[in-house]
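Given below, in the form of structure tokens, are the structures.
Heads up, the next two complexes both have subunit A, just with different partners, subunit B and then subunit C.
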Partner chain A sequence: MFGIIGPDGAGKTTLFRILTSLLIPDSGEATVLGLDVVKEFKKIRERIGYMPGKFSLYGDLTVDENLSFFASIFKANIKENYHLIEDIFKDIAPFGKRKARDLSGGMKQKLALSCALIHKPDILFLDEPTTGVDPVSRREFWQMLERLKKQGITIVVSTSYMDEALLCSRIALFKEGSILSYNTPKEMVSSFENTLLAVSGENMPELLKMLRKISIVKSAYSFGAQHHITVEREENKGESDKVENRENVGNGNNIEKTNREIKLQAVIANVTQQLQQMGASSFTIKEIEPTIEDCYLELSSVK
Partner chain B sequence: MLRYLLEKEFKQFVRNKFLPKLVLFYPLLMMVLMPWAANLEVKNLRISIVDKEHSAASNALINKISGSSYFSNTLYAQSYLDAMSHIESQKSDIILELPLDFEKNLVNRVDQEIFIAANAVDGVRGSMAGTYLTSIVKEFSQEYMDTGLKAPGIEIISLSKYNPAMDYKLFMVPALIVLLLTIVVGFLPALNIVAEKESGTIEQINVTPVGKYTFIGAKLILYWAVGFVVLTTTLLLSKYFYGIEPLSGYARFYLLSYLFMVVVSGLGLVISNYSATMQQAMFVMFFFALIMILMSGLFTPVASMPVWSQTITAANPLKYFTDVMRMLFIKGSNLGQLVKEITILAGFAIFFNFWAVLSYHKSS
Partner chain C sequence: MKQFLVFVRKEFLHISRDVRTILILLLMPIVQIVLFGFALTNEVQDVKVLFISNESNETAALINHRILSSPYFIPVESQASATEAENLMKSNQVSLIVNYSRNFNETMVKEGAGQIELIADGSDPNMASAILSYSSAIIAASIKERMPASLENMGKVSLSTELLYNPQMKSSYNFVPGVMGLILMIICAMMTSISIVREKETGTMEILLVSPIRPMFIILSKSVPYFILSVINLATILLLSVYVLKVPVTGSLFWLVMVSFIFIFVSLTLGLLISSITHTQVAAMLISGLALMMPAMLLSGMIFPISNMPELLQVFTKFVPATWYILAVKKLMIQGLPLISEVTEIAAMCPMAAVFLSLSLKQFKYRLE
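Take a look at the complex of A and B:
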């Protein structure tokens, strides 16, 4: 399962439309299943499933008719491939005679997924499948994807929700049409290069302005009820090699940890002092673990 | 593959709340109402007469006028101004003023002038009223002379070939079929394709192995079938309502109608390729439909248009098919006599469909 993570307008849908052979790229080339998206689009179309972000099945056909229509144009046998969609389709099967446009949002989505899967595609493209879906259905949907993954179907999914990124095997952070970085979610987080601090206190807007004036603060942004600031770990970098060496020795681990702790305290003290100079009174600063969202914000501010 | 697509198109068509009704009622409405309403025959003319003399001769002329079938209502006015007020209040279409010495001059065989003033706001009505009135007055003076002295005269007997009763309905029915086919077979499938574009379903189809031509082909086949229903309904209605049938027989009628359907559906496809929304497509179609219908000779004869506009009508497929339909219905022409029109229509069919194919590739 490959996740493409990016904000609205990053070009996720455009990328999907190119990969599914709906759009001819102005330049560059792309291959899907080893097939060129421009020259061999016919072969690609037989082997992929695509579920666009917007519901685009026939609203005036019933649930059953939609499914059998999409099965028949792929020359697929519903019975043969029913095991693939059974999990998903069993919820909407009782509404088989209902017109697709009269289904609820979540059911529409299940039907769309069933129709995209009925011909047993090698790759399934899902363009923002959970945008505008309630949290319960969202969780359910990702559980369904998890099961599909186990059935051996490659899934390419795009989303602008960072929490969903953690559920993918690999993710790519996408902005303005280019991939900023791609890795597994875990490594993505651990490759975060700077020290991340959370600042909270009274008069948050004022605090943010002050934080941005401090020279060692690389970036400052509000994150929920707190402000996140990143501070360059420049001075640590030179020592990182030594860290590994010492870890091998085994005993040095503790020394290094305290070393890092001291550096961190120094940074916090530095920021605290500068804030106080600018007139801020009650606030707290602590170090936190970065999330995917922090990675994204950091990467996109660099470029 | 095509079979499944056809099945889908058919289901969607039948389930539509509006389309099946349109296909049944539109021909009915057109055939039952339009031949009566879209009628350029001038009837119910009204005349105001200013008789200054009140003699036997002037009375005889007035009786002849009010007794004729052309004028349904005769008003009497004291003066020209009085008569003008009739025209201004739209009670009258034309004024006839008889001079004081009308009878005397007539008896003495002195040339005299009679004043006629026609309301030209509605040009056709005014000029027709003028023509009718002149012919009545001429006939009257002829008769008046005959009573005295027998002079050799020339009588003209006119015969309207192909449409002896000069029935306007016979002229309109074939033209209305052109209108019906343009809307049902030309515009409906195009709107259908744009609707799929708008709802995004066309994308869902595009990622499947369904070929472009199969997809559009299924739609065209459906609407060509619908065209057959429309044609047959219209024929039955015109036969039982007006007793009008294509003189050339049904085979030629259906054959050439299908040629025209290929032309208009091609035009519709071109429009659908360039429109992203139904609204856009509707406006473009409305724009073209209006121009093509007004310039097709459907209501006003092409031959009486100025030369520049006749040149434009040469590029209007509706014009050729209107001609073809009238010749099939009224004259009973055979295919050989229609070679020119058929060739041009076939040219349009190739042109529009070729353009549709090219422009489709561009937009994908």
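Take a look at the complex of A and C:
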């Protein structure tokens, strides 16, 4: 399962349309399943499944009619492939006679996924499948994808929800038509280069302005109820630390941790002091683990 | 092939789900025929006629009798003078005044001369000219009869007019072919283009294009249901015009149907062309409305005679498919001419279909634009 993570307007849908052979790229080449998306588009169309971001089934046809229509234009047999969609379709099966437009948002999504899956594609493209879907249905949807993955279907999914990225095997952070970084979610987080601190206190807007004035703060942005600030790790100092570490091979780990701890305390003390000088009172600063969103913000601000 | 049939079935499902549209499509020809046939008529009917004659005379009596025995005139019983009669006309109580000159009978019999004044209401010029021409025809025939034999052969030239194919000047003879052209055009071109563009608008086209189905099939299967609907409408119009409006099919019914099929085909290809160059249903509707319906109504000779148009427009009418179709239907249906005389019309429509079809196939995108 490959996730393409990016905000609205990053070009995710365009990328999907190029990969599904619906658009010809202005420049560059792309291959899907080893097939060129421009020259061999007919072969590609036999083997992929595509679910556009917008609900794109026939609203005036019933659930059953939609499924059987898409099954037959993809030359698939519903009975043969029912095991693939059973898990998804069983929830909407009782509404088989209902018109697709009268389904709830989550059910529409399930129907669309069933229609895209019924011909057992080798690769499934899902363009923002969870945009505008309630949190419960979203989680359910990702559980379904997880099960599909186990059945051996490659899934390419795009989303603007950063929290969903963790559920993918690999992700690409996407901005303005190009990939910023490409890795497993875990690696992505651990490759975060700076120290991330969370600041919270009274009068948050004022606090953010102050944080931005501090020279060692690389970036400061509000994140939920807190402000996240990134502070550059001092590389030069880091090198000398490493030399020190080599000398004390025995308990190097401990020392490194302690060193890191000391530096962190120094940074926090530095920021605290500067904030106090600017007149801020009653705030707390602590180090936190970066999320994918922090990674994205860090990468996209580097230019 | 199975994919194609499934697709056609889906199209029928779409149409059957949209009851309102299907009702409009099936009722439209009926309403149009009834409207044109009974409401928008400029035939002479129930003309209130007033005779003014100062003395009783035989010739006038004969003429009056002849006029009144025609089913289109009803008499106004009044002994009004010429001025009073004019007031009656102003208040719409009289539509035609027949005023005989003094001593009409005498001069008539002796000299073969005399004056009859016919007055009609010119505020409705079509109606007035129809009334005048019809009543003067009756008068002329009656006078000829009363003319003394000695004067008959004096070498006077008399005009005799005769309307071929439509002696009663029924307007239905003119508009039935027009309505046929119009309705077939609307259903084929407008509905086909809208139904294809709708897939683009709802995004379903995206999935259809990603599927292995041939784009040709998408287009063709869209036209099948509308072809069938058009055939139903064609049958409705023909039945209505023959049995309700009494417009006979004097020529070959078989060839009439064949020519209609050709026209339906032309319209379908036009619809495809429109659908391949538009992106929204509204645009498709406007283009088919403006670019197809207006010319089909105004430039095809259905309402305004082509020979009255400026030359530039006359040239333009040659490119309106409905012009040719209406001409062919008039020839086949009203005049009853054999197939050989419709060759021009058929020859004009076939290349149009070929051009539209190849253009739309060329224009059709295998991808999104």
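Quick note on the criterion: the second predicted complex is superposed on the first by the 289 of 303 C-alpha atoms of A that agree within 3 Å, B and C clash if a C-alpha of one lies under 4 Å from a C-alpha of the other, contacts with A are read in each partner's own complex, and residues count from 1 in each chain.
The rule is simple: a contact is a pair of C-beta atoms (placed from the backbone, for glycine too) under 8 Å apart; a residue touches a chain by one contact, two chains touch by 3 or more.
Quantities reported herein were computed from a predicted structural model and do not represent experimental measurements.
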item: Three-chain arrangement built on subunit A, subunit B and subunit C clash or fit; value: clash
item: Touching partner for A:186 - first (subunit B), second (subunit C), both, neither; value: neither
item: Partner chain in contact with A:48 - subunit B first, subunit C second, else both or neither; value: both
item: First (subunit B), second (subunit C), both or neither touched by A:65; value: both
item: First, second, both or neither for A:150, with subunit B first and subunit C second; value: neither
item: Which superposed partner A:79 touches (first subunit B, second subunit C, both, neither); value: neither
item: Partner chain in contact with A:97 - subunit B first, subunit C second, else both or neither; value: neither
item: Clash-bearing segment of subunit C, relative to subunit B, as chosen among 73-81, 127-135 or 145-153; value: 127-135
item: Common interface residues of subunit A - those touching subunit B in one complex and subunit C in the other; value: 20-22, 24, 42, 45-46, 48, 50, 52, 54-61, 65, 69-70, 72-75, 115
item: Residues of subunit A defined as touching subunit B within the complex; value: 20-22, 24, 42, 45-46, 48, 50, 52, 54-61, 65, 69-70, 72-75, 115
item: Subunit B - residues contacting subunit A, complex; value: 1, 4-5, 8, 11-12, 15-16, 199-201, 203-210, 364
item: Contact footprint of subunit C on subunit A as seen in their complex; value: 17, 20-24, 41-42, 45-46, 48, 50, 52, 54-61, 65, 68-70, 72-75, 99, 115-116
item: Subunit C residues within the subunit A interface of the complex; value: 2-3, 6-7, 10, 13-14, 17-18, 202-204, 206-213, 366-368
